[in-house]
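Here it is: the structure, laid out below.
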């Protein structure tokens, strides 16, 4: 099982090769894998519907509790079947839709990668593994939405989809970690049994909110719904697959999967049913606002996703059966409709419904498919969509909370959905014939296979619900957590849901008839709609950039003294804080100074201070030199002859060097304002005082005996030298000295290169002098 | 300022230079027992060459040095690293001092001494490299 | 005597000095560059194998018993860092063959590179706090020289900031070492740790701890001490940037990990709390800095800062899992970051610019390069199943387990914004249609872009492919890497093992 | 002596920092020089100062005759002086080249590489 999925990734990587071998038919060859998988999954149907859960274990990173264990129960089987079956048709369809496209091979790479990620997502038992696949679907869908990457709009939409879903993914990651901590397990299956512990846990609410953040963004729930219609910038096969049947349902899958662990609480029921209902109405309402066929379908997908979320929120047995049925129905009809939309686009050259009409003669098969699928979308007997809608209304009626509110919203959504269904199925094919950019004709067989079969299945399952009843029930069982014993039927007799359906049919058709007027009316709401969540998204993105620029101006502003001041303030602030609050000052120092020593020290200070205030460069350097010589004298006075000599030599050389260089530099000018100088003095004094205090603290505290006693004792016997400092330098601590000479050598190379090598001049010189004469000057 | 110095400078340089170089060698060799050592000695030697440079100019100094100061740096570093290795031969940790007595003059020769000579060469070479580069740059 | 403990330092030192002796022989320098770094990589692997077999290895330099001489200590963490140094050194050396100008080669590029690696390896292996300072300086001066190689205007301006702030950091470090020596009278880190536990003035220890924190914080480019990094990293030749990006700041991070696990772990509620704040702000301000940029290498430079935050976060949380996360993050980051810089170099080589606005269309013309960019870029953003995901996941899991929700939230947000930056580069450089260049400019550019020869192709791409494979390997088969990180975290959290290894391994000398 | 030196060193740090905060690059480099000198003194001081007892062992003896000054900080300072010398000569040449290339002594004019 794992092998099949991982093999799929490998197959994806080899897609370009397959294209070299099989040319245009590579898509068909690749479709063999999901087809095989689908067959295998069908084979598992009896076992799963009998209530078994199949587990395929595989360790991955046991240290982090990450396994690649796959789990097959009703829920994952339903999803896996949808993914692989629709995947087969999509691969076939894409071969027609993108025929001759230069990037078809790349498309197959990413599409196959996506398909396998999606399969991994619904099959994984481990939270982390599931999350890995979750994020992989985000990335691959980014690459698919941006398939037409030269189009700025496509890039923008792709980024939007990615940003929203990955943003949710971040929340999800936190949520999953909390879930695992609270439930003390990383296995979804194990967590199913720990519902009570989880719901009682202190982290329950944050955990729930984080998980919902992930699920809602992925499944385009309000207020994150806006990315989905924008994702229609993708080629139609992608929209048909990702944005109707699979990826957007990942969030729904997650919610369903966690229903036994997290569901049923007040928070769960409230949030899911209200957000779901709101999404449902928003989607249905906005669907009627657009004339682009893919946009209409996309918003109707939002509607469906909202419905599914709402049903999970209601969470009764009835609702979960409705959930499973609706899910299946939606995947079938929406896949078909999108593919038909692609055919229309492909064969007429436009996506605008308003520009189409009367195409049924030219495209009879497409027209029939569209009609059947749209009937299912509209929830009209005898299609599977009808069963789904009836069950939905039924369970809303019996909802424990918000029943009336949800009912009103559901009926409203049903009305508008019906209108939308009529728009996509009737408008293009019936009525007066309109001129399209390309002369219309029926799509090729590769493109028709998918819609015909999917629409056909909608009808077959509608008429004979017993065919899918076991699968639906076993899905509902997985979601419910305990066995669900029921069966689907087409006809429930005349009851309230049926009456509501009839009402929605009538009102929906009315809206369809007056669609233009309805749109005019909707347009008046534009000012409000334009301030929706999408505007908030753009504002957030702008805010990031604005804050970023502001921060860069504040911090990384190019002024080195600002950098220095900041660094020093941090040093003084942190160290000073520690010194004041962590250390008990107990100054206990005896001052034992001789007069000549005090003189040297005084001269040192005078030198340093003079160097600061002198306006003349030479005087400043001389003052620094004086200070250096005083330091040398101090070394000699306090028993360090080697240091004294070294300091003397180094100081001399440094002063000479400074003078050599100063020749080339301008005089000092007063550049800073008085205020700046005051600030600098304050910073300088603060740092200086800190250092003084630190030294005092160290010398007045306990000082442990030094390791140098050993060196003093062993310098002659073991080191064979009488100058202990030198023995330390070349023997005890020779490694320091080794490093030191390398520093010196490096500085010399640096100086040499800096003075003799200028890349721009060098290039010019090299052209003049072909031999490397320039190198050594 | 570089090409030629005053008469006094050139005479001083000519007279002082051998003395300074000798003195630097003396500082180097006695460094293990008295104040001195490779670093101080190297600086003194560098001072000698620098004086010569200011007195007689770049070309003369180059001729006198024979090798590029950069090569001195390389050689010094190489000696420095090399002096750590003999210990490995004896199965001891790197840097473990090895002492050999030179038979005739009874001078104790050791890896720390090689190391100190490396230091000497690096200091001499580095300072000269920088000074020569500065002077050259001024000439351009 | 275990030579592998010292060889990762001595080999690049030797290679550097020989390379210096062959100053004029370009071919010899190039051979030594590949041979020397290759040998470094091999010995570092040898070291890692030895350490994971035999535990912490110690070499007392000069055979002086600890704490009187200088001890080189290789624990797992140190050995891992040395291996990373070897990998990056080798990759950059090969890459340099194709990208370094002849002038740079003639003026000491390769010797400088070797010595930089020596400084880095020395810092990772030394067990002596003053010796650490010396290696810092070796590394620093080598980086100074590499930074200015070519003497272009931007390099000079960047170098002044880089040099000044790093010298300030060195002085703070040196002062702290002086004060510490005044207090405990020893320099060997294991001995310091031992003696500090006997000192009753814990307050002063905290003061010094904070001082070290600031000094290393500058080296590591933590908030708000990172200014030198974005000011300079985009100025030198790209191979130098890549080397810096991979290794230099990590030496600061390493030093933080070392001293705050070995020496200053008395009052984590104080010191590690400061680190926690620093970590959060570093992540945030780094990633925001990147969001404002439109230059390939500047974006990457700011991301170094933000990623440093994750590593410090691991240290600051100070739980076993968090330390594992920190170590894992360092391993992942060094490889990925270097690789991104290498890719940016290839892009520059192909299009003659680092400016996102002037680039475009590479997805069409160079699909393989696009994939090679995506792997490290998505890994940097923490996308699964690449190395960065697991690194981030461990840190975040540790954060939540420790109850540090605020900083975990920041870490997640920063992950998102990192992705945003990487996608920005992707969309601009690879997906976008290349802009029409001005006529004047295009003439200029066309003359400056040389076609890539076949051999150069290998030298450019082989390191990138190799590092990308490392990233993939860590992602797809993270268990051994995780175990390695876990074992090294184990050692870090139990300093007594380090102390015992150093103090008991005494080659007694007789006169 | 140490308390006095503590104050002196504090002043040296303060002057160094003040100089580093000037806009002229020459002053910056003078500041760096002051700073490294101050740090060397700090090491020398905080380990304790001893008068008139250099850590030398007379010819023939195997140990010093009396208490000598701590040789270790001296060795450290020596290393630090050399390193500082190398680094500072680099810095000095750097500012000179920077001046030649940027053609300004003013650090505020060297901010093209940021932002």
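Chains: A, B, C and D, in written order; residue numbering restarts at 1 for each.
By definition in this document, a residue touches a chain if its C-beta (ideal position, glycine included) is under 8 Å from a C-beta of that chain, and two chains touch if they have at least 3 such contacts.
Bear in mind the structure is a predicted one, so any value in this text is a computation, not a measurement.
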Exercise. If you tally the C-beta contacts, which comes out ahead, C-D or B-D?
Worked result: C-D
For this session: Determine the centre-to-centre distance between chain C and chain D, using the mean Cα coordinates as centres, and give it in whole Å.
Result: 28
Problem set entry | chain A and chain C, separation of their C-alpha mean positions in angstrom | 26
Seminar exercise, completed: Cα centroid separation, chain B vs chain C, in Å, comes to 36
For this session: Can you tell me which residues of chain B touch two or more of the remaining chains?
Result: 33-35, 39, 68, 70, 73, 77, 80-81, 84, 95, 97, 126, 130, 134
Seminar exercise, completed: In chain D, the residues touching two or more other chains are 20, 25, 28, 38, 42, 46-48, 54, 56, 59, 72, 76, 78-79, 82-83, 86-87, 89-90, 93-95, 97, 107, 110-114
Seminar exercise, completed: Where chain C touches two or more other chains at once, the residues are 13, 16, 20, 61-62, 130, 134, 137, 141, 144-145, 148, 151-152, 160-161, 164, 168, 175, 179, 181-182, 185, 187, 227, 230-231
For this session: Just say which it is for the chain contacts: an open line, a closed ring, a star, complete, or other.
Result: complete
For this session: Name, in rising order, each residue of chain A that touches chain B in their complex.
Result: 641-642, 645-646, 649-650, 653, 657, 660-661, 719-723, 726-727, 729-731, 734-735, 737-738, 741-742, 744-745, 747-749, 751-752, 755-756, 776-777
Problem set entry | Residues of chain A defined as touching chain C within the complex | 60-64, 106, 128, 131-133, 135-136, 139, 142, 146, 149-150, 152, 155, 159, 162-163, 166-167, 170-171, 173-174, 177-178, 181, 206, 544-545, 547-549, 551-552, 555-556, 558, 560, 563-564, 566-568, 570-571, 574-575, 577-579, 582-584, 691, 694-695, 697-699, 701-708, 710-711, 714, 717-718, 731-736, 738-740, 742-743, 745-747, 749-750, 752-754, 756-760, 762-763, 766, 772, 775-776
Seminar exercise, completed: Given the complex, residues on chain B that touch chain A span 31-40, 43-44, 46-47, 68, 70, 73, 76-77, 80-81, 84, 95, 97, 99, 108, 110, 112-113, 115-116, 118-119, 122-123, 125-127, 129-130, 133-134, 136-137
Exercise. Within the complex, which stretch of chain C touches chain B?
Worked result: 1, 3, 6, 10, 13-14, 16-18, 20-21, 23, 59-63, 507
Problem set entry | chain A residues within the chain D interface of the complex | 552-553, 556-561, 564-565, 568, 589, 591-593, 597-598, 601, 604-605, 608-609, 611-612, 617, 620-621, 624, 627-628, 631, 634-635, 637-643, 646-647, 650, 653-654, 657-658, 661-662, 664-666, 668-669, 671-672, 680-681, 683-685, 687-692, 695-696, 698-699, 703, 706-708, 711-713, 715-717, 722-725, 728-729, 732-733, 736-737, 740, 743-744, 746-748, 750-751, 754-755
